[in-house]
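Each of the next two complexes has chain A plus one more chain, namely chain B in the first and chain C in the second.
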Partner chain A sequence: MATFMSIDLIKYLCNCGKKCPICRMYLCKHCLKLRCIDCVQHEVDSPYCPSCLESMPVSEAKLKKNRCINCFDCPLCGHTLMTRATSQVSPNPDDPSKAVTRKMYYMACGFCRWSTRDVNLPDQNVATGNWPVMENPNAKRISNLLENYKLIAQVEKAERERKKYVKRRSHLYLQEKYNMSPAIVKRKGMASFSSLSLKEGDKTPDDLDQSETVSSFDPLPTEFFTKPAALDKITKLTHRFMLPEFQPDETSKLHPVRKHLLMRKSLRCSECEHNLSKADFNPNSIKFKIQLTALHWIPEVRIMTPSTFNLNKETVVTLTLSNPSVFNTTVTLSQIENETDTDYCTAKVELPKKEIVLASRDEASMHVYEESTATHDFKDDPKLIAFRKGNKVGFIVKVTPVVKDSDVKICFLLKHEFRNTTVAALQSESKEPEIVWLEHKVYLCLGTV
Partner chain B sequence: MSLYENLSIEDQKAFVVDIGAAYVKCGLAGENGPTCIIPSLSKNSRTGQVVKIWDYKNTEELYEYLKDLLYTLLFRHLLLTPRDKRVVVIESILCPSDFRDTLARVLYKHFEVGCVLFAPSHLLSLLTLGTNIGLVIDVGYQETLVIPIYEGIHILKGLQSIPLAGKAIESRIKSQLMEHGTVCTADKQHQAVASIPDIVTDELLEDIKIRCCFVTEYTRGQQIQDVTMRGGHANKLPPPPPDTDYPLDGSSVLNVSGRIREHSCEVLFELDSEEASIATIVLDALVKCPIDTRIALASNILVMGGTAMMPGFYHRLQLELSNLLKKPKYAQQLGIKGFRFHKAPAKENYTAWLGGALIGALETLASKSLSRDVYLQKGKLPDWCCIDSEFLEEKKG
Partner chain C sequence: MAAQNKIVNNPNLKIAVGALLCEGCEVIGDVTIGARTIIHPKARIIAEAGPISIGEYNIIEELVTITNKSSTDANSGKVLIIGNNNVFEVGAYVEAVRIGDHNVIECKARVGSKVEISNGSIIGTGCVLNMSEQLPDNTVIYGEKCERRTQRERPPTQTLQIEFLTKILPNYHYLVKPNMQPRPTATTTAPAVKK
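== the complex of A and B ==
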């Protein structure tokens, strides 16, 4: 689990210059470069409802304002509301002497006990999809305004088009120039909407009513001075912002909140625009169609055991390298020559000079608990290689801290073979996948002096 | 799925974001209300702490905060791929340059949006009224900002601001709680809040402000100010409204006294050391305006900002203004008889957002905003206070 727990200890240098833990990085197989979460493009892939797991295309979700039609959240605690069924006895319309029982539905929160009956919403006769939608009282006014501005914008656009094609004659130009007051010309940054005014002459439609003004307001109701604040009746700000358009200020005005959709994200390399990660469309599935996380392709460095360090004294540290690839991989480690930044390098390090061959990863044998994995025939120098187990190799580095009172940090260049299976698939003439050497700068924090 | 996404017309909708001092309002252009209103908070990726995005120390830090905030907005609330989208950013005219520049950097370079329109909030709020003359009062969280706008042009000479708004009310509540607030627990009655200061969190203060406090009436307000500000005797205070028991958790109850409920909002109307309150700056703004615009401005007042939603706010503001008008200081200078107020077709806290949503739905949005190509070429934003912002115009010409 160390891969995902203390992720800040070992970081790889991303192409953008940031240092990230390897489990947060991607390897683009087309540019063969590491990409961290900041240098990939995020895309909304498939929105889905987290409650009923219905997925839909982006455009449909947008029409529904990113809300599920069938699922509701409690306006008080945000828990998913449950539909409850009751039976209601009502007189039969054909024969008043007989009664018919009908099934009626209401919604209740299983967590805080809020129900639609608390706010006097009538029960529904179908289980889903029939709940009333709240109507913005200003909707008509806003759409009138919008219509009006759209007409003005069209006029403005036509004007611009006309100017583009009609060749200006000099006197026309001057006239135009002097019509504009110099102040407007100067403050164009702000004045660019002034043309959106309603008083733009006769071209604009005049059917828009002017906004009404009032000169006095109602005073506060007397309850404010005679009663304590009814905390149970006034909603909190978070409750109001669950319905930002309506912002109910009393608990009696609360309304079930349509469940907000979640989405699956796909990632793209920002340089070559190839997909780096794409989830399966079905929200039930946890599989990926494409998953190029760096952990699956690049040998991972880990610290074997914590060690104690003394200033200017050599300490032997065992690091491990594990090979995620299904091929044997050769790795060389080398110093980074010009790394002088003491933020990232506070110790001298002696690295193994020879190449290290990592055994291939074999899914099947990983689950067999056998110590006698002597099947591989690598000729190891026991001074460098501490142990081998499956696709993992423990190797020894000697670290000498040189900076006082700081964490022991080392860095080195990790160079490894990489068999590019994607490119091989494209160039089918060669059977063997092409071997590329990749280099990564690795930064480790080993502990304190 | 995403292949066809860019082909549909529906997807050309711009998204509109208003990053306020306390809350971020965000939604799609052409809609009647914002999709979400979330606190202006961000998680510091290095320390893991949740921080207010306006409390940034340097632009690198702000860059990370804004990236985090916009990521949440886009991928949690709007479910929108930001690439090549149009954006309307609603900003205060006094927005610091480094904030604007950093926001532009995040939008253009990190999220690669197509074009961004930076629009001043006061002007946009007038779009919701369908008028272009107005005295816009923004009572937000950090400050109150009054800007007169005449025929779509800001009268910058008349710009007035004062750091009295939601935050001032909260700090007044806090100081009063510290002074004489008490907490009752199961085993201890009337424990002073000052002895357990940890319970007074920002969330608690905000909730007390929202649910317990109100803006009192003018005459009572004057009586209170006589005592608290001008040293009158305490028995002249109007009888305070009843106390409220505010449950903190299962066992302890905070006593929010009637004085806190009534007096806290007085901070907005008390004359401070410079004889200024949110009502006087409205009149001061009018005094600075050209004489022929004053009547038109005074009869087109628009109030926006979340703090204006406090119960009783409008009534009090109107009475404060008309009583100040009788004072000789203003009566001689201003030839105004009264004030008329507009009501925007939106809640006060998203009035400016609605204006942005209206302008974002227009065809001409692209020609008014700054495209990514131009930004990458020039490397900066046009700014009203900067003389060399002509380049935006050159491109159009």
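== the complex of A and C ==
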């Protein structure tokens, strides 16, 4: 869990110059570089509803204003509303003496017990999809504005295009402007502009109602001062912001909130544009088609135990390295030469000079706890290697803090073998995967002096 | 066995006919349990400072603690009266002055010793009430910050659940025998109980 929880202690340097925890990074297999979440391209795969898991194309989601039609949130606490069924007895329309029981549905929140009956919304006779949609009081104005701005954008775009064009063939443009030659009008490139200029006559950006400045307000009603405040009947700001188009000021005017859609996104390397992370298409699935998170490919450095540090005194610290790959991996650690980020390090560090071989990760044996399997064929120097366990190795570094009253921070260069299995598979199946050496700068915060 | 003896040896325990009190509960002091009330095993009902009277059609689930603490002197020795149709969910802790009808005390909620709960209220999961107060009818307390609101309808009665439990609990638990005929005021439900 430390990998995901204490993310501030150990950071790897990303290619963009940022220090990131390894669990937030990706390794592009084509340019063999680390990418952090800020230097990859984020792409929207498909919007989906987190409640009913219905996914739809972006254009459809846009039409639905990025909200689900069938799922609702509680306007008070934000939980998903549940549909409840009740039976209602009503007189039979054919024979008034007989009663008919009908199933009626209403929605209730399982958390704060708010229900659509609280605000006198009538029960529905179908379980989903029949809840009334409240009309935005400003819908017309908003669509007017939108249309206008679209028009303006179009005009501006056409003007820009025209300027480009005018330089080269001014006579053509003139002809077209006065609509002299319909054959030329149909020419590619000019078509958009000319069709626009014809239409412009019936709707110009100017014929929009000006919005009015509000200069005076009605005074507060006297009940405000005379009647005791009924706080339980008035909505809070969060409730009003949940429904920005209506902003109800009383709890009796609350209305179920349509559930916001979420995005399934995929990540791309910003340089070579290969996919780094791509989820399965189906929102029900938690699998990935492509998942190149750095944790799966790069040995992870972790601090074994916290230690106490004294100024200018050498302390032995045990760090661990774990190998995510299915091959034995050789790792060397070295000081960073020409360190540019001199502010970071506050301690001298003595690293193991020999290379360390990390045992391969064996998924099957990891779940069997047996001491006897821990014997390896590696000839380790016990002064350097503290222990070995599965794909993990504990090694010893000696740290001497040199800066007073600060965190003990060290950094080193982690150089490790990397077998690019995907590229090898593409080239030929018999060939052993090619070995590449990758270098990463690792920054550690070990504790305080 | 110890807990079982505690119940058997308690001379002040009165259980109305039709109530289900599982063995393995801890019932100490002067406690009256009304008809059709169901008390799951491992519940604790402790009449420490005064008697506890539990009405009808209540469900008291596992690990619920109901104590008559009577924190103030004015209250000491008073009866903690719990009305009808209340539900105490798993792990609830109740010391209240009085509890009315149709309330739900959800899991792990704590009701302090100076609180008076009237009718139709819901104390949400994990909510804590410490102050001296009297909850108005149909109050809902929910969430981390114990937010409050008033609901329009009281929570529905748990008749189906009670029916189910009266059938299923005797199959798996030893029960304590009722020792009290229902009071004449509760005759509406008495005939059904006798069979």
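We adopt the following convention: the second predicted complex is superposed on the first by the 352 of 449 C-alpha atoms of A that agree within 3 Å, B and C clash if a C-alpha of one lies under 4 Å from a C-alpha of the other, contacts with A are read in each partner's own complex, and residues count from 1 in each chain.
The rule we apply is simple: contacts are C-beta pairs under 8 Å (C-beta built on N, C-alpha and C of every residue); 3 or more make two chains touch, one makes a residue touch a chain.
Here the structure is a predicted model, which is why all the values come from computation and not from measurement.
Which of chain B and chain C touches more residues of chain A is settled by the count: it is B.
Contacts of A:E417 after superposition on the shared chain: neither chain B nor chain C is touched. Once the two complexes are overlaid on the shared chain, A:N138 sits against chain B while remaining clear of chain C.
In the superposition on chain A, A:F111 makes contact with chain C only, not with chain B. Legend: residue contacts after superposition of the two complexes on their common chain; A:F224 is shown touching chain B, with no touch to chain C.
Of the two partner chains, neither chain B nor chain C is touched by A:D73.
In the superposition on chain A, A:L63 makes contact with chain B only, not with chain C.
By the touch criterion defined above, A:E300 reaches neither chain B nor chain C. The intersection of chain A residues touching chain B with those touching chain C, taken from the two complexes, is empty.
Those residues of chain B that touch chain A in the shared complex are 1-2, 4-5, 8, 10-11, 13, 23, 25, 27-28, 30-38, 67, 71, 75-81, 83, 93, 110, 112, 119-120, 123, 127-132, 151-154, 206-207, 210-212, 214-217, 241-247, 256, 261, 299-300, 311-312, 314-315, 318, 338-347, 349-350, 354, 358-359, 361-364, 367-368, 382-384, 389-390, 392-393.
For chain A in complex with chain B, the touching residues are 38, 41-47, 57-59, 61-63, 65-66, 136, 138-139, 141-142, 145-146, 148-150, 153-154, 156-157, 160, 183-184, 187-199, 208-220, 224-229, 231, 234, 236-237, 241, 244-247, 260-263, 265-266, 281. Of all residues in chain A, only 76-77, 111-115, 117-118, 232, 251 touch chain C in the complex they form.
Partner chain A is touched in their complex by these residues of chain C: 122, 124, 140, 142-143, 147-153, 155.
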